[in-house]
Every structure is written in structure tokens, then in C-alpha cells.
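Same chain, two partners: chain A is paired with chain B first, then with chain C.
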Partner chain A sequence: MRVVTFVRELQDLLGEERVLADPLRRHVYGKDGGIRRGDVAVVTLPATVGEVAEIVRIASRHAIPVVPRGAGTGLAGGAVPTSPSLVVSLTRLTEIEVDVESSTAWVGAGVLNLDLSKHTAAFGLHFAPDPSSQAACTIGGNVANNSGGPHCLAEGSTVNHVLAVELVTAAGEVLMLGADAPDPVGLDLRGIVVGSEGTLGIVTRVLVKLTPNPPAARTLLAAFDRVEDAAATVSGIIAEGIVPAALEMMDQPMTIAVERFVGAGFPTDAAAVLLAEVTGHPAAVAAEAELVRAVAESNHATRIRVAADQAERDLLWKGRKAAFGAVAQLAPDYYLHDTVVPRTKLVEVLAQVYDIADRYDLAIMNVFHAGDGNLHPLMAFDASQEGVLDRVHAAADEVARVCVAAGGSLSGEHGIGLEKRDLMPLVFSEADLDAQARLVEAFDPDRLFNPDKVLPTGSRCFDMGRPVPEGIWI
Partner chain B sequence: MGWITAQAPRPAELNACVDCGLCLPHCPTYRLTGDETASPRGRIAAMRAVADGLVPIDDAFEDMMSFCLQCRACEAACPSLVPFGRAMEGARAELAAQRSDAGRRIRQVLLGRLVTSPGLLRLATRSLGLARRTAAIRIVPAALRASLAGMRSVSRPLPPVRGATHGAQGKQIGSVALLAGCVMDAWFGGVHEATVELLTRAGYRVVVPPGQTCCGALAAHDGDARGARRLAARNIRALSGVDLVVSNAAGCSAHLKEYAEWAGDGGAILAGRARDVTEVIAGAIEDGRLPTMSINRGVVAVQDPCHLRHAQRIVEAPRVIVSAAGYQPVDLADDQCCGAAGLYSMLHPETSHTLGENKAAQIRAVGSTVVASANPGCEMQVRAHLDNWYRVAHPVELYWEAIREKELRSRENPE
Partner chain C sequence: MTSVKVALQRRLAAFLSDPIEGAPEGAVAVAPATLVAAAEVLKTASEHSLPVLVWGGGTHQGIGGRVDPAIVLSTARLDSIVDWQPEDMTVVAEAGVRIADLEERLAERGQTTVLPETPGDATVGGVIAAGISGFRRLRYGPTRDRMLEVDLITGDGRAIRGGGRVVKNVTGYDLPRLATGSFGSLGLIGRVCLKLWPLPEAQRTVTLAQPQSDYGYRPLAVIEERHQVRVYLAGTSAEIEARTAELGGSHEEGWWWPDPLEGLIGLSLRIAPRLLADILEQMPSSWSYQALPGVGEVRIGVRDFDPETMSALRRWAESRGGALVLTDAPASVYSTFDAWGAVPAGMELQRRVVARFDPDRIVNPGRLPGGL
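== the complex of A and B ==
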């Protein structure tokens, strides 16, 4: 009965078309780009911040958990409900308001990352974070996961490009956190919301900083016979004092899969390929490209190709960014890992990753943002085979442990979600986790928003969901 | 109860999708609604749910499947190479088999009669033309009226092309069987004229075999598998004994290339010979078998039919052709479906209308009143949404016109 009145209230607010409650449509919303499936009670498609706030009030009254969702391209299960939940799809919040003079824009949470850059191209501006899913993923999702991308080596991740957020709280209030000034007074609550994976509230609008399009860019593709040489080239380039706009590596199995999709002439016989891009003033770009070439040559690059024009550049990047999907040609499912290691440990960790995949009998290929040591080992498998998912999870777990042991981190840019949640104690002490749990409670005392994500159960010392009322003894 | 037909979505097709979501921004219905269940990934998930026995084929499934335009923009964007169009045809076949209601049966019977009988189609066309000029148009259902609003006004009725043979002009390099098509024959005679002229000048002997019929694309898209198989079988017999089978409607050429699905080995052979006319003519221009005009005719807006661009991945050919005619081809803001999509404009008039308006706005932004479109459905849709001073024509018509004009001029002013 409860669910029935709940759905009716939502339908009164949004009309029947924007409230999806039949079993098939609920099933379709049960998954994101990762491999886990959750349980959806009802899906809503609000078109305004007012509707989002009202939806939250209704959900709060009925104590039904709320899971915000963008395009559902996430890989860590951030948009996958763990218990029957109300999914709030933010894809209809698509307004863009550009302020050309201050190079900023107010952007609806549902605007696609690449659409924003296309929209601002006429002003010579773009939104710098460029995750591989940028053609499909939303700005709201980028804010939730503090997304990065190949070009974050020089430009920084989403948090460096968000000035303010509009947040709907558990009470259904609409808050504005941050300001258009670069350094607003008071605590930086905006910085807390970016990367909070929908656990603090629902971000409906974002004030983003736009970056001028570089006057010149050059993209180089270098092939190596040994992964070590490619890794040494990465360190060498950075040691030269260059911070390329992007510095990406793919190993051989990955290169083969990508080449089959784009046919861009990626060298499939190389053990590793490096994709480097330098941007800036034309003269500086030419000089830096020469330097990158020299470093690659001194590290035994077997071939170096410079993209002749924008079309060739686009094709190379299309290949790199389609890497994950291209894997489906090899197996029906994949698990994409996201960890960070110090650049100097790249070769060592990679050898261990190959070893782990061998031991669990999994096909593995690697693509990574080499410049900042962000590894994306990708395991391809067929989930219909008995027991394979257990092997995948066990291998993923080991990869994370190896990276943390090498001085790295759990996640580079995809977020923690469900996928890495239980590994959080590898990098955080009990006190750290408790502090984070308290922070979540400060925003969302009843844990209405995206419960069970990011923080493992038991994060809060004396985990009871809420503070113990005064005067009660345990 | 899962699937019951041979056409049903196949495990390999559904498993190929890894849920990456890169198709989403390319899907017109997802773009309009922001709704995962109106996206290619969502539709695959729904097909999987039926295949796995998690949900029955119910109203929700039918709504989700029928909302798809079958434009196949998702296919061109898919890094996992999911054959989405094929899987969707399978889902439609299942719907037809498992949820056959009176409306669908009447639609399929009427459509089956109409597209396979040139005489009946001509009669219907003439009646409609008459009705348009009188009050009788009011008895035509509104959705059908909207779909046909962009029909060509034909000043001179052209004779039917079936049964004719045209020898190659100059040295013969091959033989072509022309698919006369259903609506092409009745409504688009000018396109046939240009096609035959250009093909013969390019060195092909062109036959238009009388025994041929509708290609079956509309039936296949609508889930009428039996109809699609029957039509394919007839065409395989009629269109044999030539080097190439050419169609000047992108929807038909795309479907001919998929005949292996509908007619086994014979179908695979025909599919291997099937070409869209734009490929053949562009090839002849590039080989120098057809001329390139140096005159500057200004800008032409190129509308890419989905079944040319996405289903066949033919992008350059129409541009090569209009360039050779002396036009400067300009792309539209995006390559999304115009909303015609075969029967879609009748089944989902609102969505079709919105997409048609979007496409018309993109064409206006180009700033030319000439539009090149290589598919009859798109041509009618685009015309219906533009003011009547816009001219929408097939690229081969624009090209043939330019050649004829040049020849007339040189005859008047011999050097």
C-alpha cells in the first residue's frame, strides 16, 4: 500500500509519463556502466530543481532511499541502488547559461560533458575534464565522481573546474554552495560536495569554469617494444619539465582491440603505445613536441607518428576513448579497474597486475593515464561462465591491494561507489572513516541519499545511523 | 515465455553490449526524453530481460520497442559493434508473433497489398492527389495526412520504369538491375530517370526486371517476418543475372544488403551485389567515367538518410555527387534522424513531428534553399517541415540536371 500512495504522489507531481513504475522499466534502471545490478522501486524524470526538491520531500516522508542518476555511464556502481529505491534521473536538467566575459557557465546536471564543450566552442572555450565517456556522461555525474580524463594531467580534475553547486538537501531545501568569486569566504562546502557520489544531496546545477581552447595542439603516437621503455619515456618527459596536456599509454592487447574498432593505424605489433598531446602557443607546442619526440627516441621508441591535422588527432583520441567498449569484441563483459600508483612504480605494478590476471586465468589489457599514474587494468570475461565473477572480484581486489602497497590510491577518477567501498579501510583508518561518516550525517542525518555507497558499513564508530539521544545510556 | 520466432534477438547480439552507454547521445529518442528506457542500451537490457525470462513480452516491452526509430545511429557509434538494427527487427518480429492485435494485422495486410502492387499504389496516389484538392482530404486520417504532406507535386506523370532495358552509352563495364521500389516508382519518377541516365553514361547496361517487388524493408522493420521473406524470395529470382543490384532509396539499398537474413544463400549473393546508387555514381565520378562541373551553383544542404549514413556508413558519396554537379555541400548540425523512419511517422506522429522540426531548423541554418536527400521517406518528411520555396531532391537528380543543362548550353553556343 505504502508504495502505491508513494507512486501516486509522484504521479500527481510529475504526471504519469515521468514516473516509471512497471517491472520492465524498473529493471532497465537497475544498472549503470559497471557489472552490478540493483533494485529500483520507481524512476522519476524531473525537469526542474523545484520538482527535484519536491520528489526528495515525498521520498523523505515515505523513508524511501533516493539514488540520483545521470547517464548511467559510471563503472563503480554509484547509480546502482542497493535496496528498493527511488531513482532520480537528472537527464532533463539540460539548461546552459554561458557568461562569456567571465568564462563561466551555469550548467544543468543533465547536460552532457561533450555537449557543454560543443556549446561553448563558438566562444573559444571548453570544459576541461574529459573522461573517456565524455560524449555520453553528464556534468552531474562528473561532479559526483570528481571525474578526470586524459587532459586532467595539466588541467586538473572536475573539482578544479567547479565554482559553485546548487544542492537539494534531504529536507528538500535548495542550497547554493560556493560562489562565482574564485576564493569565497567561509568553509569550502563546494569542495566537499564534488566527489561525494550523491551521498550528501542532489546536485541540480553547477557553475563551471571554462578553459580557453588552446591556440595550437600536437598529438604524437609512439610505439615501443618494451612496456618499460614507454614508462621510462613518461618519466623522462615529466623530468624535462614538460606537462603535456595528456600522456596516455595502452598495452598491446588493448591496442589491438582499439585498432579493430577505429582503424586509425595504431601499431598492433608494439608492446606499448604512448599517446602524448602538447598544447599552447604554436611556437611552444612545436618545441615541446620535438622534446617529447627526442625523449621517446632516447628510450628506444620504434616508431613515432605526429598527427598531421585535426581529423587525424580526433581519430587517435576516438580510438583511445572507445577503448573500453571496444573490448566487447573479445568477451561479453568487462571489469574496468581504476587505481593510482606513483609514476615511478608503473612498470613494477604492471608486472604484478599481469601476474594476478594470469593466476586468476583472466584476459587483461591495460590503458592508463600514464602522466598521473592512473591505471585502468581491464579484465574481459564472460559472466555466464560458472564462478568467473568471483575470480574477477578477487583479482580486482588484489590489484587494488598491490597499488595501495606501492604507495598508490584506490581510485583515480571513477569513484568508490559499491565497487571499492569495502577496500576503503586499506587507505583510511577507523578515525578517518568515522570523520567522513560524520560529515555525511551532517548533510543527510537519515542517510536518505545513495545509502551504502562510498563508506563501508561500520565506518561510524558505534554505527547506529544517528547520534545517540541525550540521556540514554548504553 | 521468452522468444518464439527464428528472427528473435540472438544471444550473441545481446551479449555484445557491455553497457558502456556511448550510444546514448546518438539516439534521437533518448535525446528527446533523457530516458534510459528510450535508449539503445535500455532496449537491449529489455530484450535481455525477456530472453532471460525475467519479464514477459508485455505492454511496457511493446512500448519500449515501438518507440525506437530504427535509425541505427547507435550502431555507427558502438565500439562493441552490436548489430542493434538486426536485434530490433528480431524484437519486432516477436511482438508481431506474440501480440498480434487487429490494428497490426490490418496495417500489415494493407501495407503488404499497397507496396507490392504498383497499380494499386498509383491509384491510391491519384485518389490522394485528388482528395488533397477537395474537401475529401478530411476523411484521410490525420497521421497519414501528416506523413504524406511532403509528397512531390509531379508536373508530368512519368511512365512506369518496370520492364525496360537501357543499353550502356559507350563501352559497357557491367550490368545493373535497378530496384524500381514501391513508392519510388509511383512518386519519384524523376529520380529513376536520373538514375538510368547516369548509370548508362557510366557504362552500365540497366535492366528493370518486371517480376520484382517491394524490397521488404517496411515489413521487416514492422516485424512482419513472413512478408519480408516472401518479398525477398521474389526479388532474388527477379534480380538475378546481373553484376550489381542498385537502389536509389537508401532504406531499400540498406535492406537489400541484409538479404542474407531473409533469404539464406540466395539472399547473401544478392546482398553482395547490392549497392546504393550514390556509391556507384560517386565511384564513376571519381574514376572519371562521369564528368565534374566547374560551374559554381552555390551551397546545398546535405541531409544524411540514416539508412545511408548509419546502416551503410555511406557519408562521402552524396557529397561527391553534388560537388561534381557544381554545388558546395554543407553538413547539417547533426546526423540525427529526421523522424520519417518508415511507418514511424504514422505510429508516433508527435515524436516524428518534433524531429522533423529539428531537422528543418538545421536546414534553414545552412542558408540554402536546395536540399539533397537520398531517401524518399526523408525527402517527404523534410519537405513537409520546410516552406515551399525549398527544393528537396535526390543528389543524382541535382547532378543529372547539371549535366543536362551544360549539354543544352553547349548545344546553343557551340565553340
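== the complex of A and C ==
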């Protein structure tokens, strides 16, 4: 009965066509790009911030959890409801308003990442974070996960490019956090909302900083017989004092998969392939490209290919960004991991990753943002085989443990969601997790938004137990 | 000396420090040498609801509401560079490390934190707590983008850590960024891990007579002053030569950063970058300034207290989503000209957040806008 009233209230607000409660839709919206499925009560498709606020107030009255959702390309289960939930799909919030003079834009949460950069190209500007899913993922989703991408090496992740967010709070208020002026006064709540995976409120609009398109760029592909040589090249380039726009690496299994898929001429006999891009002033780019080449040669690169033109650049990048699509040819399912280690630990950790895959009898291939130590081991499998999912999860856990033991962290750009929530105690103490839980409580005391994500159950249990004053006044 | 002060000195005997130059007199001065000791101090203060003023180099104490502390907690003994990994380009430093010292050390391997260029005695913890950025923020972003990990001692004495010692990380809520510009409202920023950048092969300062609408593709920094503009270049020698030719003007090798502005009162005007040129034309002629095009920050030195003009400028900025903030002034000014101006949206939310870290509100109480 209660659900019926609830759905009717939503229909009164949005009309029947924007409230989806049929079994097919509830099934489709129950999953993201990862491998878990959740439980959807109803899906709403608001078109304005006012509607989002009203939806939140209705959900709050009925105590039904609210799960915000962008394009559902996430891999950590961040948009997968853990109990029958109201899904708020933000894909209809698609306005873009550019301020060319300040190089900023107000962007609806539902705008696709690549559409934003296409929209601003006429002004010679782009949005720097470029996740591999950029043709499909939304800016709202990028903000929720603090998404990265290859070009975050030099430009930083999404949080570096968000100046303000419009946030619908648990009370159904609309708050503007941040400003187009620098250093807004008061606590930087915008910074904590970015990367909060939809647990603090619903971001409906984002003020982003736009980055000038570089006047010149050069993309190089280097092949190596040993992974160690490719990694040494990465360290060598950074040690020379330049931070290239991107430094991406693929191991041999991944290169073979990609080459079969895009036919970009990637060397399939190499143990590792390094894709480096330098951008900037034309005079800088020539010199830096030479330097990258010299470092690669001194580290025994077997082949170095410099993209001759934009078409060849695009082809090389297509190969890199299509890596995950390429895997679909090999097996029906894949598990894409995301961990970070200090850059200097790449080779050592990678050897352990291969070893883990061997022990669990899983096909593993690696593509990673080598410049910032962000690993993406990818396990391809067929979920219809009995017991394979258990092996995949066990191997993924071990990979995470190995990375943390090497001084790394659980996620560099995909988020914690459900997938890594229970691994959080590997990196944080009880007191740390409790502090994070308290922070969430300040935003959302009843845990209306995306409950059960990021923090493991029981995080808010730590209590100092205030000691009895020792009577210094006596 | 009051009996309260004597009792407090006895209780905090293990951490007492010599008087701190420039700090409010009458408060008990402590300088804990470890984060555990700092936690002890804050626990004691919290138990008895005693206000604590955190003191680094004293450089940015002019920003924010005035604090009347019972305890001044100096970070002078929290002064170690704990871990520097040049290959990973990260450094872990305690709050009391002087930026000048840290930069000198990092320069040995050609690296920089990109923290303020003319820091004086400013400390790592102080600059982060005050959310102060260097001129190079035009190219590298503000100080919050340096922050990888933070160790906080909350107002009620809990030791907590957020972030991690890797350059890219989305594991858990971003406490390092929340701490940046928090002015102690979450507690003491005890230790941080910062992302480093390489120092370029070549450095040059180009001086121009007039502001321009375009300084070329992403210069390192640009500072517009009343009678000159300085453009800072970084990169390979070839790049710098090419850019100098494009810009014209005169040039010197190296980066020549201007000294902090002189004046009775320091102000920080923060506006959308597109508004900058207009407002600079209207700036009173007796005021000196350093304006950062592309950033929207104007550092202003005011010779005489001029509440009328200052208020008018504040109204102008606030009505356009900006702010005019006091950065330095004689104590009397703060009672007639608010340190911050209008309180930001979401003040209630800010209060709720702060209450989760400093429930008794003892660290720098009243320093943030809205008396928080």
C-alpha cells in the first residue's frame, strides 16, 4: 500500500512517463558497469533541480533510500541499490552554459563527459578529466567518483576541475557549494562532495573549470621486451623534470586483445607498450618528445613510433581507450580492477598480480595509468562457469591487499562503492572510518542517500569514551 | 597570574613553550613535539572547553575572526620532514615545517610543493589551514590540489587520517581537501603528504608595461600590478625563448616574485576572472595590488583604514558571487569591518560538519565566517 502511495506521489510530480516501475526497467537500472545487481523499487527521470528536490522530499517522507545515477558506467557498484530503492536518473539534466572569459561552464549532471568537451571545442577549451568511458559517462557520475583518465597525470582528477556544485540535500534543500571566484570563504564542502559517491546528496549541476586546448601535441608509442624497461622509462621521464600529459602502459596480453580489436598497429610481440603524450607550446613539445624518445631508447625500447598526424594520434588513443571493449571479444564477462601504488612499486606489484592470477587460474591482462601508479588489472571470464565468480572476487581482494601492502590504496578513480567497501579497514583505522561516518552523518543523518556504500557497516561505532576530568581545577 | 592559568600550566607542564612572538599574551603557550602530545593538549582543552589558537609561523594570523585563546598551541616542534620519495614525487611533512626550509630541501632534487613563493616564516600547516596558494596556482591549481593525505588531531583529541600517500586516490572521503582552508575548525592539521612537481629546466620573468588580454598558452603565473605586469615562464630553454619573443617586454632569468604588499590593511579580493580588468580600473590610487588574471584573486595593500571604500568593494564583489577578505589589519579594524563579510550558503551544514570534528568548538573558535 505504502509503495503504491509513494509511486502515485511521484507520478503526480513527474507524470507517468517519467516514473518507471515496470519489471524490465527495474531490472535494467539495478546494475552498473560492474558485476553486481541490486534491488530497484522505482526509477525517476527528473528534468529540473526543483523536481530532484521534490523527489528527495517524497522519498524522505516514505523513508525509501535514494540512489542517484548517471549513465551507470561505474564499476564499483556505486549506483547499485542494496535494498529496494528510488533511483534518481539524472540524464535529463543536460544544460551547458559556458563562460568563455572565465574559462568555466555550468554543466547539468546528465551531460556526457565527451559532449562537454565537444561543446566547448569552439572556444578552444575542454574538460580535462577523460575517463575511458567518456563517450558514455556523465559529469554527475564523474563528480560522484572523482573520475580520472589518462590525462589526469598532468591535469589532476575531476576534483581539480570542479569549482562549485549545486547539491540537493537530505532535507530537500538546494545548496550552492563553491563559486566561480577562487577560494570561497568557509569550509570547502565542494571538495568533500566530489568523490562522495552520491552518499551526501544529489549533485544536479556542476561549475567546472575548462582547460585550454594545447596548441601542439605529440604522441609516442614505445615497445619493450621487458615490463621493467617500460616502467624504468616512466620513472626516467619524470626524473627528467617533465610531467607528460599522459603516460599509459599495456602488457602483452592486453596489447594483443587491443590490436585484434582496433588494428592500430600495436606491436603484439612486445612485453609492454608505453603510450606517451606531450602537449603544450610547439617549442616545448618538440623538445619533450625528443626527451621521451631518448629515455625510452636508453631503457632498451625495441621500437618507437611517433604519430605523424592527428589521425594517427586518434588511432593510438582509440586503441588505449578501447581496451575494455576489446576484452569483450575474449570472454563474455570481465572484472576491471582499479588500485594505486607508488609509481616506483609498479614492477614489483605487477609480478605479484600475475602470480595471483595464476593461482586462481584466471586470464589477466593489464592496462594502466603508469605515470601515476594507477593499475587496472582486468580479469576476463565466463560467469556461467561454476565457481568462477568466487575465484574472481578472491583474486581481486588479493590484488587490493598486495597494492595496499606496497603503500598504495584501494582505488584511484573508480570509487569504493560496494565492491571495495569491506576492504576499507585495510587502509583506515577504526577512528579514521568513524570520522568519515560522522562526516556523512552531518550531511545525511538518516542515511537516505545511497546507503551501504563506501563505508563498511559498523564504521560509526568508535567512541573515544571521554575520560573523567582529572580535576585540574582542584 | 590567574589560578586558572597556573592550574593549566601544571596540567600541560610537559608541553610548555617559551612565549610565542606575536601570539596573544596571557594564554598558556605550548609546543607539543609529537602528534600524540598534541592530542593530549586538545583533549585537555576540550574537557574544559578552553579555546585554543593554533600558531605556525604567524604569517596568516590576520585572516578570519579574532580568537581569545586560553592556550596557544605552537607547531614549532612538529618540524620534521618525515618522508620524501623523490621518485614518486611525494613528501610527508609535519605542520610546523617552514615552507622555505622544505622548498630548499626539495630543490636539491629539482622538485617543489608549489606552495607560496615568498613564504617568510609561513609553515606547511599554517598555509594549508589558511588555504593560501602561491602565484603558480594559475598553472598548477590551488594548494588544495597538493593535498594527498592529512593527519588530523580533532578538537576532541582523536587522531585521524584521510587520503593516502599516492598521487591519485579516491579511497574514502576527501579529508585532505576539507582540511585545506579549514582554519583549525576540524582540529590541528598535524602532518600532510603533498604532491610534488618538477622544477623546470629554465625559469624566466618577463616584464610588460601593460596588462594584455592574452599571455600565451598557460604561462606559469601572471601578476598584474599598477605599473607593470610580470609573466613567469617555465619549461625548456627553447620554449622560454619562443614565449619571450611572443610576449615582448623585458626579461630576466629566474623567477622574481614580488614581496608581500605593504600597508596598514591587507585585503584579498576573490572574484570570477572575467571581472578582474573592470575592477582594477576602479581601484583607489593609494591602494597597491597584485592581481592574478585567470585566477580572479587580487591581493590588496591599503594605506589607511577606509571602511567606506572597503565596504563598497565588498558589496560589489559579494553581489557577483565573490568576497573581500581581511588578510591583515590592526585589531581594532575587525570590530568595525568583518573579517569575512557575508556568510556563505550552507552555513548550517558547515556547523554540523565542524561539530563532528570539534564538538566543543575549542580550536580557533570564531575564526571561520559566521562566527564558526
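The working rule: the second predicted complex is superposed on the first by the 461 of 474 C-alpha atoms of A that agree within 3 Å, B and C clash if a C-alpha of one lies under 4 Å from a C-alpha of the other, contacts with A are read in each partner's own complex, and residues count from 1 in each chain.
Keep in mind that, in the parts below, a contact is a pair of C-beta atoms (placed from the backbone, for glycine too) under 8 Å apart; a residue touches a chain by one contact, two chains touch by 3 or more.
Small disclaimer: the values here were computed from a predicted structure and weren't measured.
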item	value
Contacts of A:Lys31 with chain B and chain C, given as first, second, both or neither	first
Touched partner set for A:Ala122, first chain B, second chain C, both or neither	neither
First (chain B), second (chain C), both or neither touched by A:Asp22	first
Which superposed partner A:Arg438 touches (first chain B, second chain C, both, neither)	second
Partner chain in contact with A:Thr91 - chain B first, chain C second, else both or neither	first
Contacts of A:Ala179 with chain B and chain C, given as first, second, both or neither	second
Residues of chain A touched, compared between chain B and chain C (which is higher)	C
Contacts of A:Ala308 with chain B and chain C, given as first, second, both or neither	neither
Partner chain(s) touched by A:Val4 [first = chain B, second = chain C, both, neither]	neither
On chain A, positions contacted by chain B and by chain C	none
Chain B-facing residues of chain A, complex	20, 22-25, 27-29, 31-34, 45, 71-73, 89, 91-92, 94, 110, 112, 114-115, 133, 135-137, 261, 322-329, 332-334, 382, 384
Contact set on chain B toward chain A in their complex	15-25, 33-37, 41-42, 45-46, 49, 54-55, 58-61, 64, 78-82
Interfacial residue positions of chain A with respect to chain C in the complex	99, 101-104, 145-146, 148, 152, 156-157, 159-160, 169, 175-177, 179-189, 191-192, 194-196, 212, 214-215, 235, 238-239, 241-243, 280-284, 286-288, 340-344, 369, 372-374, 407-416, 420, 424, 427-429, 431-436, 438-443, 454-455, 464, 466-467, 469-470, 472-473
Complex contact set, residues of chain C against chain A	4, 7-8, 10-11, 43-44, 47-48, 85, 87-90, 110, 131, 133, 137, 141-142, 144-145, 152, 154, 156-162, 164-175, 177-178, 180-182, 185, 197-201, 216-218, 235-236, 238-239, 241-243, 268, 270-274, 294-297, 317, 320-323, 325, 340-341, 343-347, 349-350, 352-357, 368-370, 372
